[in-house]
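There are structures below to look over.
Both of the next two complexes hold subunit A, though its partner changes from subunit B to subunit C.
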Partner chain A sequence: MSQIGEVAGILRKLYDEYRTTTPKKLKLIDAYLVYVMLTGIIQFAYCLLVGTFPFNSFLSGFISTVGCFVLAASLRIQLNKANRSTFNVTPERAFADFVFAHIILHLVVMNFIG
Partner chain B sequence: MLLTYYFWIKAVKSGSIMWSASCALAYFYMVSSWGGYVFLINLIPLHVLALMFTGHFSHRVYVAYSTVYILGTILSMQIPFVGFQPVQSSEHMLAFGTFGLCQLFSFIEYVKSKLTKTQFDTLFSFALVTVGFAAAGAGVVLWASGKIAPWTGRFYALLDPSYAKNHIPIIASVSEHQPTAWSSFFFDFELLVFMFPVGIYYCFKELTDANIFIIMYGMTSIYFAGVMVRLMLVLAPVMCVLSGIGISSVLTTYMRNLDVNQLKKSVTSTAQSSTRARRNDDSSSYPRKNEIAFGVVCMMTFFLMTYVFHCTWVTSEAYSSPSIVLSARSGDGSRYIFDDFREAYWWLRYNTDEDAKVMSWWDYGYQITAMANRTILVDNNTWNNTHISRVGQAMSSTEDKAYEIMRELDVDYVLVIFGGLIGYSSDDINKFLWMVRIGGSTEKGAHIKESDYFTPQGEFRVDKSGSPTLLNCLMYKLSYYRFGETYTEQDKPPGYDRTRSVEIGNKNFELEKLEEAYTTEHWLVRI
Partner chain C sequence: MTSTSLMMIILVILPFYSWCATPTVAANLSPANIDGLKAQFQTAMKSFSDVASIHYTLAGIKELGVVPPDTYCNDIKKLVDKSDVESIFHATEAARALANCKLPAEEYRALLTSTLQSDKSTTAEVYYAVRASVNLGLNVDESRVEKRLNALAKTDDSVASQGYALLTGAQLSQPIAKFYADTINDLVQQADEVDGRTLQYEGGVGTTALLVNAFYEVAEKAGVPVKIDPKQLIKFASYFSTKRHVATLRSAYYLTKVFKYLSDRKNTIPVVVSRTTPAAVSAQNPSVFVSVSNLFGQPVGEIFVVAESAKRKEDGAVVISKQKLTAKDSTSSIFELPFYDAKIPRGFYTIHLTLTPRGDEKLIGLTDNTIEVKVTSEAALENAELNVADRDSTAQAKTHKLTYPNALSEKLDLHSHQKLIIKFQVKDKRTGEYVRTQQAFIRFTNKKSKKEIIYLAEAVSGATAQYKAEMDLTSNAADFRYQSGAYDLVVIVGDSLLQNAFEWKVNDNVQLTFHEDSLADKNHQDLYLPRPEIIHQFRVEEKRPPTIVSLVFSGLTLLPLLILLVSWLRLGFNLSGMPLGLSPLVFHASHGAAFALMFVYWKYLDMFQTIRYLALISIPLFLAGHRVLAILAARREKKV
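Here is the complex of A and B:
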């Protein structure tokens, strides 16, 4: 099926372009994003396999991973030089906001995990 | 609610995580105070969807919505009443779906920026086929297996107003849940009713992200305010905002044409037509621009002044009197106060056991708890429908049957409101049909039928021709005990009910299982 071959080619090209054009800082955040996503997938798989017994703990952990992912993705968007025009926050401000939101997220997660 | 919306608009405009986190905190406060938070958690995703459809979706919206949704959801689950509903009930599914859509959109944008058009198209169609099928399949499985609960009664009644009347009498019985009459719109808003469409027009003229939000907020809240009177309070802020936009746009347009010097000059000297030709504002020219502008500004000022007078009058007449102390004007114009409610609650507080239980209709629950400091069976939260139905069954049954129910519920005192002596129309006999409907709506009360309490002609009467079931039920007996010997009005027989304007049918009976403990001065509250 030529379509799959085509798709594979496109994906490889995408990966090459990503490696060459993205600055180091953003690649660091991307690695963190992948790690958080893996953690989330592991938690979800555990829930599917073993059951949802302490549902609040599962929810708390899962939302924690999704929250970290979303906040880091937002930080990445704000730090990306290509998006300078849509935001009017300096990189330092972006990082400070990121920390603020993380404090709230982790306080709630600690309370909810039971 | 307004704080949440304010922070949301700030977040969408700036794209900063701090405003989004503040929005989530304000949303948390809203969830802890009112069940109306469901409106917020549906309006914000609707706004995001509208932005997607109109092509305004940007990175700022992604950052704002994702942060607000995640932090808001986990914060709202801290409230015990909400619990796990944000991931289980249908009312929250729109927010969840929009969140997924946001992630998808942003990811697609990112990939699009890295590839050429043809490459992107092939990749996109491939992904759509595989991932789309998987997602749709998972969704159908979840829905069919019932994991996602359908919309609950309270909110379903907003979409289908006849639902409550047919299925859930307790929701239909609350007077604040009735549809709004157009006159209450004018009573509460006066001028704003007319400036609201003007504001919407000006918002449409310049479609920014924030304007789209205000338009959606206005449209949804005016629909809901039309369905249920108590939702007027959701409509009021956006009415003010949109009317403010309307009025200020009108004034700005016409003030531009107004030239005070021009007016002064035309008063002091006559040959000043040359100054008019030298004006260089670009509004379309029409004759006597100055005079029309002056007229419009004067008219707006007049409207605003009458609006202020109207609002202060309405607030003092309709929204300032406490509903627990009633007043009336006597023949010579002086004010006469009926303080019976507080009299009864104080009596309960100081003359009954500390752990006495009081049975009354749910309207008075919070008042008894707060002022009399006694345990009650049902209160205004109306959370437990079966329990309220049991109280309704007790009120609608004969004294013997009611005694069994009251022993089962461990009741010490029964409190009823009776307005027949002074002509107070919000008493328990007037609410009685709702007690019958709610009492008959659960399993144990299936023998209670509303039609038994009407005359053969279908009327609700308390006089001699009233139905015997009504004339012998507990509520009737408790309200009219010893009323048969009382004279209420000149040249009327004893036992004349001033609220229903009839002489009661069942007089001079004795209570077998209960004993009268206290009746207030004007017989308003009987224990």
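Here is the complex of A and C:
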């Protein structure tokens, strides 16, 4: 019983710290990540429910969510000032890469969606 | 051992051994089908459609000894084509076959002369012109013809052309004929050998016969014997003797002429050896009769025939050696060899015969003649018995002794726990030993449906060779399709070396009762009736969820978007920092255009077009984007 109380306490602390220390830009991206994840989960649930028939469409949609998630996550990493030492890339460059990668991802997804 | 003696061994003994060891392939000639040729000519004589047929038929039948009536002279005159040298040739040849048929020579003279003088005539045309001129009694300029033939020999070296040259040479003076007679050997070398047994020329029997006929004609005119190696002559003869039926009259005519030349006492004659009695030698036919003749079926003079050996096919055992055959008539054309003897066991035999002529006849084909016979014997079925036993315990067997040809009179009743066994032995009456046969079966015939079920009788190994056939009513019931009822039982024994075969009805009322229910006979599909129609089955579509479900989920997928917008607003998302101006505008426009292109790609375009449009859009996109980002970067720098 107390363990659950401990876990709840830790989570609350995590949430508070998150709210205060994370810059707004990153929070926006986090919201976007949650959105993409939810979309992916719903798609997967649908596939589990009704079967995989047109399998290419399911894959296309799912991989679209996964790809978006990955790209957004990498953008977040690159924009995080705490990581400035590891990545030597300007935020603008990161964003440009983000856009470029997205165009290619969408091209592939559209091709596969059938 | 020195190398020279080793060489001697290899060069002398080895070939000698291999020659001895080579199995002599039977190269027997058979007599020509003279009656067939005669019938062919006589059928053709009923109506003629062209002058070539008249030529071949009348000349052919004259060779066979029948003189055609002169009425055909009118046919010849009607059918001849005065403008064709070949037609004139056929006409003159046909007229020659009749006793009294004169053709108007003057009408043809001009064409014949012009053919002989022309530089464009072929060897065949030269021959036709020369022969026709000779037939009509016209003069022929021999030196001119000779020159023309020499010129043709250089340009046309086909076998047919050479043959016609020989035939033309035979029409000219003797020295010219002799020159051509010397080329016979060259021509023979150009023949094709088939299987090492026959020689022929390209073009079939007609061309080959024409060429061989040419050899004899030109040699006859030259006054020299035909110089062909006997081995090759035999191969030619072999080829001709296999032609029992020929399709065209031309082939029939030349074949007849060749057979006549090959049977003429002046020439080398191939000898034909054939068996005149049936192949089976038994107590009723104890001897093998052999006929010796030429290709025409006529006797060849006094000759001695010796059976060198008779080898059994199974094991190569030699049963007779160097036995003389006795001549049955004065003309030495039928010989007898007694073959049915206690010392000669049953089997298939190959008898090798050698012939020796008395005089110095020019005969060839005297060795390598073989006759195939089979020695059969009468057989008897002995010690036959029928056992009815219980499946499980063989002790309780009821035995019925059987004697061929008597049937078992009592009714047999068999139930599913029983089995039927038939045993018998086959004895060779001559030697008294028990033999194995090629066929030994028992057959059940369903009396109602007439269906037959046959079982093999197998012999135990050993000298007794007892045959046993078994039918078990439980394990073999499926063969009968479980149909209980009355059946006939027959024993069948046969062999190619037995004179008599057996089909012995052992019992005609065998009641079989099977345990299971009977199955109907299989309905064997009648192959030639229409089959059931095949209706094409399209691929069944995969099951999809109802539309409502998919629409609901599409809606659900868009739900997180709302959540995103709400959370962004909550977080303070605003567009206040967005730069305004041309570049941002272009950037956002081209960015939007790229995504619009994605939608259009999904609906209408293919990859190549999309890539092209994308390339087009990406240029302003990158330029404008670079600009915008530069502005933002500068802004950030300023802030810091």
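Simple rule for what comes next: the second predicted complex is superposed on the first by the 114 of 114 C-alpha atoms of A that agree within 3 Å, B and C clash if a C-alpha of one lies under 4 Å from a C-alpha of the other, contacts with A are read in each partner's own complex, and residues count from 1 in each chain.
In this text, a residue touches a chain if its C-beta (ideal position, glycine included) is under 8 Å from a C-beta of that chain, and two chains touch if they have at least 3 such contacts.
For clarity, every value in this text was computed on a predicted model and none was experimentally measured.
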Item to check | Clash or fit (per the criteria above) of subunit B with subunit C on subunit A | outcome: fit
Checklist entry - Given the touch rule stated above, what does A:Phe53 touch, subunit B (first), subunit C (second), both, or neither? => result second
Checklist entry - Now for A:Ala73: first (subunit B), second (subunit C), both, or neither, which partner does it touch? => result first
Checklist entry - Touch check for A:Leu38: first (subunit B), second (subunit C), both, or neither? => result second
Item to check | Partner chain in contact with A:Ile29 - subunit B first, subunit C second, else both or neither | outcome: neither
Checklist entry - Does subunit B (first) or subunit C (second) touch A:Asn111, or do both, or does neither? => result both
Next on the checklist: Contact-wise, after the overlay, does A:Lys13 reach subunit B, subunit C, both or neither (first, second, both, neither)?
Outcome noted: first
Item to check | Geometry of the superposed three-chain model: angle at subunit A (Cα centres of subunit B and subunit C, steps of 10 degrees) | outcome: 30
Checklist entry - Among the partners subunit B and subunit C, which is in contact with a greater number of residues of subunit A? => result B
Item to check | Shortest CA-CA distance in Å separating subunit B from subunit C in the superposed model | outcome: 8
Item to check | On subunit A, positions contacted by subunit B and by subunit C | outcome: 93, 96, 111
Checklist outcome for this item: Interface with subunit A, subunit B side, in the complex: residues 14-18, 20-21, 24-25, 58-60, 62-63, 66-67, 70-71, 73-75, 77-78, 84, 87, 106, 111, 113-115, 119, 122-123, 126
Checklist outcome for this item: In the complex, the residues of subunit C that touch subunit A are 542-545, 549-550, 553, 556-557, 559-561, 563-564, 567-568, 571-573, 591, 594-595, 598, 601-602, 607, 610, 614, 618, 625-626, 629-630, 632-633, 636
Item to check | Complex contacts: residues of subunit A adjacent to subunit B | outcome: 3-4, 6-7, 10-11, 13-14, 17-18, 21, 55-56, 59-60, 63, 66-67, 70-71, 73-75, 77-78, 82-83, 86-89, 93-94, 96-98, 100-101, 104-105, 108-109, 111-112
Item to check | Complex interface listing, subunit A residues touching subunit C | outcome: 24, 27-28, 31-32, 34-36, 38-39, 42-43, 46, 49-51, 53, 90-93, 95-96, 99, 103, 106-107, 110-111, 113
